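Below you'll find the structure I mean.
Think of it as A, B, C, D, E and F in the order they're written, each chain with its own count starting at 1.
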Amino acid sequence: MPKTTALSFTLIITGAPYVSQAPQTALEFARAVIAAGHRIDRVFLYGDAVHLASTLACAPSDEPQWTQIWSEFLETHRVPAIVCIASALRRGVLDEKEQKRYQRPAHNLEPPFEIAGLGEWVEGTVSSDRTLYFHPTD
Amino acid sequence: MPSLHIVNKAPDHARFQTCLAAVADEDTLLLTENAVLAAVMAQGLPGTVFALSADLEARGLAPADIMANIGRIDFAGFVSLTEATSRIISW
Amino acid sequence: MTALVVIDRAPYGDWRGREAVDMGFSLAAFDQPVSFLFTGPGVNWLRMGQDATELSQKNLARQLGAAAIFGVEALLVDHKALAAYQLSVDTLSSPAQPVTVSPGLYGQYDHILCL
Amino acid sequence: MPSLHIVNKAPDHARFQTCLAAVADEDTLLLTENAVLAAVMAQGLPGTVFALSADLEARGLAPADIMANIGRIDFAGFVSLTEATSRIISW
Amino acid sequence: MTALVVIDRAPYGDWRGREAVDMGFSLAAFDQPVSFLFTGPGVNWLRMGQDATELSQKNLARQLGAAAIFGVEALLVDHKALAAYQLSVDTLSSPAQPVTVSPGLYGQYDHILCL
Amino acid sequence: MPKTTALSFTLIITGAPYVSQAPQTALEFARAVIAAGHRIDRVFLYGDAVHLASTLACAPSDEPQWTQIWSEFLETHRVPAIVCIASALRRGVLDEKEQKRYQRPAHNLEPPFEIAGLGEWVEGTVSSDRTLYFHPTD
């Protein structure tokens, strides 16, 4: 079957790991997007999904470590991943800069996730060919 | 342009009805996560309907269990549906 | 790109509607045409007389009052849901346009966001 | 022993109906958070019904708006309801 | 103290049901009499043939199969919800007792937990 | 009005701050319990409520800092507060001991919250006169 034109995708995740299926469904979709020859412009974590970027999450050893799995996927395919700053601060997900600004004892943002504002999301939805959301089920 | 509606809520969730009320006859409806349970229910679903196979299998819904007019697709099929239209609504 | 932000959740009990409003305001702030649709218990966002002082929360009707300043094009409200919650379009906290929810309504927008 | 049912979900939430189906005539039903919206709706509620005043006020529900058979109580009243029975169900 | 854990959420999509099961098993492990009631989409916890390998999740029917080992007294299942989801009490993954949900049913327990 | 016998309460919170009203409703209830002359045996954080114990949460300055407000309440009234270990580890809320065990770069548990198992919850429900849950609305 001849391949249609390659498309660019922005994926937004709004559900947390170990609470919702959203990070898992989004990852399988992202892998299939790349397997189909398309491109992922960026991944944006909003609302409870910011917990996916926490370097402190410790699932039992017989369960998937979603933070590490997502982080490896992003590195391998050089996909930028943005954590919404407003969602992250309220929920206690901080990079070193925010740790200093708010004078907290630690930071817990897993690389390559980066903290930025909703402008990144607006840019994604405007410039990508496709925008998809991965919500929690409740 | 037809829309692709993706719904992941269980059939008893208020959002599930909000979704159904938005689906036009020419639209496509994709059931994912908890929404695949609707594939065994008597309620008619609007549009052209698919269900994600990984979610059907997790919940023990075999091909014989689901309504005849509902297609089973994998993630490659999910991506194909998103190629067909840019109007994609995640409920 | 024209966007529609759908608010179908009650105010105050959870943050999902609030975060959807933030997204809608961001689109408007970046000069993208955006409207809001209130449906289900979400119509209660538009009820007059809200006072969330005892909940230590901000007044969400007032937050929504900034829609025009941000450049939000229209606030649409599901007239059936208004009736279910004993609300009338004449007494809402922000001017809103009653609509019948249908596939055709959603079909007028390129990007639909329902958090 | 009568039960105290505490429900905080909006009236369109599936759990709200699960709660109503569990309330006996002699039970007490306390509406909190999003559930106080049910105080303005036509649907009849079972049991003796109260709504939490802080949540009513936040949502702009004045005494004149709510059904006549629903009592308004504050957190002190909420505690009093929990003194009356040890069968307390949070929906 | 007799306890009833109510599971009214579908399996796999969220963790709430799983966490309710963990609580029920803990009660049983500490020798407290506990039963489970499955209602609404929660009845799908008992469906045979579950395979969550592709979701990278554990098989929840199998998890529930440990109920007897922990000393859970009974699995009750709402017969109306079974019918709505095309399930029959004879073909469930764990033996469960069909019940009609009513205030009287809940009234038999001292402590009711619905996460 | 003559006071009835003083009762003991176990309160379980299952909804996160800045996501649900649960921590706020539970706190107002807890204050009213003490004002009525009763006692709170313990507070137990389960599920998403474990984020209430995160020392890294930074709400905007015009919003309540729920972690600090709860922490002060617990200290003032000497109420033990337990964070469920299984919920906390998956969601990235760690004390120093768990940080070491899982070799993570930081810990983020706000005192006086302590990490323990569901046994604490069982003990609370069995021994207290009243047990109440504060759930999220979704």
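Everything below uses one rule, namely that a residue touches a chain if its C-beta (ideal position, glycine included) is under 8 Å from a C-beta of that chain, and two chains touch if they have at least 3 such contacts.
Please read these numbers as outputs of a predicted model, since none were measured by experiment.
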Superposition of subunit C upon subunit E: rotation angle, C-alpha, nearest 5 degrees: 180
Distance between chain centroids, defined by C-alpha means - subunit A, subunit B (Å): 24
Centroid distance [mean C-alpha coordinates] between subunit C and subunit A, Å: 27
Set of subunit D residues in contact with two or more other chains: 8-10, 12-14, 33-34, 54, 86, 90-91
Touching two or more other chains - residue numbers and ranges from subunit C: 9-10, 12-16, 40, 54-55, 57
Touching two or more other chains - residue numbers and ranges from subunit A: 18-19, 21, 28, 47, 63, 131, 133, 135, 137-138
Touching chain combinations (by label order): A-B, A-C, A-E, A-F, B-C, B-D, B-E, C-D, C-F, D-E, D-F, E-F
Subunit A residues within the subunit F interface of the complex: 16-19, 47-48, 51, 54-60, 63, 89-94, 98-99, 102, 104-108, 138
Subunit A residues touching subunit E - in the complex, by the definition given at the top: 18-21, 24, 28, 62-64, 136-138
Residue ranges of subunit B touching subunit D (in the complex, touch as defined): 10, 12-14
Residue ranges of subunit A in contact with subunit B within the complex: 4, 7, 9, 21, 25, 28-29, 31-33, 35-36, 38, 129-135, 137-138
Sites on subunit E touched by subunit A in the complex: 9-10, 12-16, 54-58
